[in-house]
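A single structure is presented below for examination.
The chains carry the letters A, B, C, D, E, F, G and H, assigned in the order they are written, with residues numbered from 1 in each.
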Amino acid sequence: MTIASITLYRQWQPFRDGTYTCSGGRSAEGFDSTIVEITSHDGAKGYGEMAPLGSFYDPAFAEGARAAMRELAPRLIGEDAAGIESLNRRMDLLLKGHPYAKAGIDMALWDLAGKRGGLSLAAMAGGAEGTAIPLYRSLAQESPDAMAARARKYIAEGYHRLQVKVGLDVNDDIARLETVRAAVPSGTVLFCDANGSWGTAETRRFLQATRALDYTLEQPCGS
Amino acid sequence: MTIASITLYRQWQPFRDGTYTCSGGRSAEGFDSTIVEITSHDGAKGYGEMAPLGSFYDPAFAEGARAAMRELAPRLIGEDAAGIESLNRRMDLLLKGHPYAKAGIDMALWDLAGKRGGLSLAAMAGGAEGTAIPLYRSLAQESPDAMAARARKYIAEGYHRLQVKVGLDVNDDIARLETVRAAVPSGTVLFCDANGSWGTAETRRFLQATRALDYTLEQPCGS
Amino acid sequence: MTIASITLYRQWQPFRDGTYTCSGGRSAEGFDSTIVEITSHDGAKGYGEMAPLGSFYDPAFAEGARAAMRELAPRLIGEDAAGIESLNRRMDLLLKGHPYAKAGIDMALWDLAGKRGGLSLAAMAGGAEGTAIPLYRSLAQESPDAMAARARKYIAEGYHRLQVKVGLDVNDDIARLETVRAAVPSGTVLFCDANGSWGTAETRRFLQATRALDYTLEQPCGS
Amino acid sequence: MTIASITLYRQWQPFRDGTYTCSGGRSAEGFDSTIVEITSHDGAKGYGEMAPLGSFYDPAFAEGARAAMRELAPRLIGEDAAGIESLNRRMDLLLKGHPYAKAGIDMALWDLAGKRGGLSLAAMAGGAEGTAIPLYRSLAQESPDAMAARARKYIAEGYHRLQVKVGLDVNDDIARLETVRAAVPSGTVLFCDANGSWGTAETRRFLQATRALDYTLEQPCGS
Amino acid sequence: MTIASITLYRQWQPFRDGTYTCSGGRSAEGFDSTIVEITSHDGAKGYGEMAPLGSFYDPAFAEGARAAMRELAPRLIGEDAAGIESLNRRMDLLLKGHPYAKAGIDMALWDLAGKRGGLSLAAMAGGAEGTAIPLYRSLAQESPDAMAARARKYIAEGYHRLQVKVGLDVNDDIARLETVRAAVPSGTVLFCDANGSWGTAETRRFLQATRALDYTLEQPCGS
Amino acid sequence: MTIASITLYRQWQPFRDGTYTCSGGRSAEGFDSTIVEITSHDGAKGYGEMAPLGSFYDPAFAEGARAAMRELAPRLIGEDAAGIESLNRRMDLLLKGHPYAKAGIDMALWDLAGKRGGLSLAAMAGGAEGTAIPLYRSLAQESPDAMAARARKYIAEGYHRLQVKVGLDVNDDIARLETVRAAVPSGTVLFCDANGSWGTAETRRFLQATRALDYTLEQPCGS
Amino acid sequence: MTIASITLYRQWQPFRDGTYTCSGGRSAEGFDSTIVEITSHDGAKGYGEMAPLGSFYDPAFAEGARAAMRELAPRLIGEDAAGIESLNRRMDLLLKGHPYAKAGIDMALWDLAGKRGGLSLAAMAGGAEGTAIPLYRSLAQESPDAMAARARKYIAEGYHRLQVKVGLDVNDDIARLETVRAAVPSGTVLFCDANGSWGTAETRRFLQATRALDYTLEQPCGS
Amino acid sequence: MTIASITLYRQWQPFRDGTYTCSGGRSAEGFDSTIVEITSHDGAKGYGEMAPLGSFYDPAFAEGARAAMRELAPRLIGEDAAGIESLNRRMDLLLKGHPYAKAGIDMALWDLAGKRGGLSLAAMAGGAEGTAIPLYRSLAQESPDAMAARARKYIAEGYHRLQVKVGLDVNDDIARLETVRAAVPSGTVLFCDANGSWGTAETRRFLQATRALDYTLEQPCGS
């Protein structure tokens, strides 16, 4: 079962709620997704995807991923599609790093192998665990009251997990968490995400001030 | 696809060359193997195996493994055979430790999943690497000359990898390795295995004395 | 004084209060005990015991222990029963690991040596410390109020040490400990046992929330 | 002095000696270079370059770098060209990682600043050290004798620094270094480069076998 | 562009508020500054400065710095003023340590290079960040109330950053910080500086007692 | 079984070969031994011994040990002789440190317990290993030839383990070991003891110079 | 100036307040002191002292110290009394360890050297710091109220430093410290000494419970 | 006994053999010594000295030391000369660092204290060890043969310790040590001093090449 062709599709996936604004004047309006389609010589097809959130969160930006795939794809044509580990080693030899680009191809290879055996990807990896996973909503940085109002709205819609965006002035951030925590039921799971915007001093103050609250802190300090 | 039944088969696999003798008066005449057969409700069958080398090398002795499987198997009947990770967690909950016994069942579950999709175990794990692997022969502890003669015989039969058993008097062991190394072509890969019989002092002496030779040392000191 | 025979007795020891239920749907109704009897050539007898709590707590399950003893016992007949250290080394050579099985035999050998000299096991190990030890009772997971009621009952019966079983939802677990701690005299020694059911996040929350209480936490996180 | 425009030029720089072959079937025929030209509003121009060796050595492949620059460049137009540190922080905010792409722009900014002051880049960084640097030649992997012959040729041409490419079979690699070392004057500086092709075992053997020779080992093990 | 001459100017810079008193009976009335002027053969001039706070804070005392410059300066005449890194290495060769004295010369060399290119020192180092920096005022050790009064005066003058001098009796020091913190707006940034006067015990007590306040502690323990 | 009395006997044990001379002008002519006799209320007796080599090797000097025993013994009369662990804790409470003195009493208590049960000390500790142990002889510091002659004499008498005393001039010490090693069969086990007389520099030199020889180095550097 | 004689004097120094009782049934009624007198050939005399608190606190018990001095003293007669470092090395050679015994002799040697020069011991060591040192009183373990009463009595007598003896039941110990701390002025320095009687669990509880109090904890856990 | 005056004397101490040349074009012709004389109110005088080797070896250059002493000396007049530790703390308070300058004053204070008691500095520190110390000669960097000739000359004059100056081209340095080592008796103690002129690569090569020789390496790498 050799690889007959690899096709990349670019797909724009706009956000349902429009522009999403982060700290530092960064914003995004949707996902610039790349769909990878691998076709084997017998016509079977496997699909993978690579869809970064804007270009500011991590090294995986959309054009770079497509550039890497364009570099890699022609050198995989004619290889055995079932040798997935071997193909990954080959990709590493051709291009160091850029795992986000290789992941889209790897995903399509596993999908192709599963389809050929009539197995889902979950079955290939040891079986699915349940039939659903809980979703969560993110509360963008607004005033504490505005964030609490939005939190109550999400709770009313049935969400039980919320992410509180912080990372500006730490005194305001403390108020953000306190206000939201007080606005939601005690069973609600709260994450607090600073996207690495604080230094260690701000982080220490935030932890001290909020140590009586029930939440989990995500990425307080940038690298 | 639920598990309809689990059957254990005991199979005696005698050594081609008869009794195999180790240090400490330990010996074995073959493998006391346990074959695990898992049948799903639709009649598909997957197979696994558990076959320890005698009862003196590691905690995986044959009767203990069968005792553990007898404890575990009845509690897996009726479960979804495709939920392999979930079944493994269940086995860990029922019985801590004894991974050698659980491995036989795990192996049969993967085999069953692959057969249902018409995929080999290698395909399930990312593809086979080549179609053959080099074998090696082990040289039991004899006099240096006897071991060298046996090494030459194996080389003549086509083997390129030999394991030199050491672990008694370290002066003799040094002679064993030197004599065998001199008797085989420089391209022959030599392993030297003490099965943990030395202390650190013997190990240090052996390494000093043989540091000009080309070989790899396996398990010099016992735990 | 050589070992003339080793006999294993299986003894079912039902719990006085019937079924004992743990988290994860695991339960037990008693101890599946193995009594080891070693008889020396002059007719003296020493006794040891191996009695795991169900088959879900640790690697020491009853059938596996008996399988190991059946493997070991025949190879000890005729050996000097006084050479206890030597016999232990021999058991380690015959079978790696499985210390729970060997412990039953080791215990019987020491008992035999002591009986021959008219000495108790305590005397063999340096003398007894006092003539009694305080017992404790375990409070299985129920509602906080039910556990507190049971705690008061045990206190009334004269117990001064109680174990509070936790390990489900951590918010409920906090209530369990707080309610029991409030229900018993300040001199009561409390252990809180999660049987490794929490992750580090739950453990951290529990410790924070209960840091003003007087208790000792046992095995919060599984390995 | 704001940035008026950023222009990328692609320049193919063929190797003087044609195809360059590495281990693993990897080869290159030249540098796929990107020249960055930054023009300030007053017409001054600064230049930087990004030129990876093929696409197999490191994460810096040519198309990926150009994709990143296309992402970054439009967002720098109109900014103050003298605020180089500030512009670098801005690039890091826009795109995490990919330092090789940003380096081309950073280089052009420093060149632009220096030209405006009539200073060379060396003067901007604290002054040049001398007026020339010794060059070295790399000896691609051939037979030991062929490599020694080529080494003598380079010595005759006036080179005093040579790089010996190794990284295949370690026995052959030892011969490569020994033969070249013997073929050149004792004052010749030798580097030995395995490009990360060995594991720790091969590295240890190589170091042991060549410990009497005068050379420096570069990148023996891959990451 | 060689160095034609190096001239040192001593300049007394009296404090605007007169004598400044520290703990331990140490005081100062101004800065005993040394201005370094380097003139190149073409008449260009660069300036650096070395101005320690009294003679009790660090190893950089004014006479010692001048002594070191007198040692170094004659040996730099005639050298290339653009080779700044090279000149620094030369100074290190001539005199180990005493970086504060060399810094004055280094500063003058960079200033000279920038002036020759019409660039400010900020431009030489990658561009200026903004056009102003916030100043802070230091509150010398007085009674808590006196320090709070002074703090309010500085706030009224427009300062937003204050340094609270502590380091005598730790009980009084705690009162100093508490009183000042209560006297200023919550947005005021407070530093608390003990100038290394405490031991670890005093530091621990201070930190415990003030852990609810918003401030940063500077140099609690002496080396 | 209470302790009725403790009696100390001083016994002079002269060396068979007369004065034994060490480095530093230290010498000894025999052991100044203390025999401890503990009698229980039923007349049984247990014996222990404390016999330091001169007064210069370690903190266990004879008079100090007797002084400690005189301090301890009266406080043990009337206690239960079988509570050995308890008696040891009591001795630690009465007097910190001085384990050599307590060891004589501890030994007598175990002997007493064993005698009461008709068990040897070996049986109390898990059984004897064999019926003999190899002895070794020590070669005092003389000229290399004299030491080699004495080594041959001991080999002829049947010894297989020798200790070579070193610790003076390291060049002479190297010759001592080389000469003795060459004078004895390869199967002879050699220890080399410097009694802590070297510093790290001498030790390093000795190890470098003798790294091809088969021996074990004891206590090269003093504390 | 050679050592002409060394004389030991035993001096009983009874406690002013009679028997002093510690935990574990240990008590003392005074110091069993040893005074060391060293006389030089010219009749000058130097004095040292060794006075342990009972025999239960540390390895320095009185009879052992005298035994060690009796071992050492005869071997120092005739040596140069001014060679103090040399004499200390000699004592270490003659007898390892037992620093408390050697300290008495060392002290007498320094006193002798100082007297010969008309200098006090303080002057020999760099000068005295002030003319007095603050004393403290120890509060033996009684009920919390009794200890507080005694603390007030000592404060009234002029003491500013008190030591609170703890180390029995940790709940009582917490009350002891709390009650005493509340009974004395805030300027009183409190030490809390457990004499190593707690384990780590008791220590942790004590520290948690008293973390708001001002005191220093001494030796909580035994070694 | 207060300090009445402190006087500094500058004394030029020319080298007996004229100019001394080091690597890097550094040279010296003698010691620029500062003698410190402290006079107490009763007319007693104590002397100290500070004499750096040129100005290139360490931070202790002569003019800087005199500058520091001029800063310190006036502030010590009238203080108690016997409070040496107190005076050192005061000097540290007045000026951080510069221990070489303070050492001259400290030395004079100890000398003054000793003289007042009629004791030498050695007696103040615990007694002199012997009456002489072995001197060594330094071999400046010349050709290997010239250095060997000079070494033989020094041996003939009675020296037993020589220092071999290295630190230029490492191949030549290896020859220097080999040639000198071969030219002197085996009992000669050799030091090899690179004055920090090598990097780690040169140091490694030197150590490898000379590992069979008897010498001690001093300061191979600069800080």
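Here is the rule we go by: a residue touches a chain if its C-beta (ideal position, glycine included) is under 8 Å from a C-beta of that chain, and two chains touch if they have at least 3 such contacts.
Just so you know, these numbers come straight off a predicted model, no measurement behind them.
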| item | value |
| --- | --- |
| Touching chain C and also chain D, the following chains | A, B |
| Option reproducing the contacts of C-F, where over half of them reappear, out of B-D, B-F or D-E | D-E |
| Distance from the mean Cα position of chain H to that of chain C, given in whole angstrom | 69 |
| Approximate Å spacing (C-alpha centroids) for the pair chain E, chain F | 65 |
| Separation of mean Cα positions, chain H and chain F [Å, integer] | 47 |
| Residues within chain D bordering two or more other chains | none |
| For the chain F and chain B complex, residues of the former touching the latter | 186-187, 211, 214, 216 |
| Residues of chain G that touch chain C when the two form their complex | 171, 201, 205, 208 |
| Partner chain A, residues of chain D touching it in the complex | 24, 26, 55-59, 61, 63-64, 66-68, 70-71, 93-98 |
| In the complex, chain F residues that touch chain C | 80, 82-88, 113-114, 116-119, 123-129 |
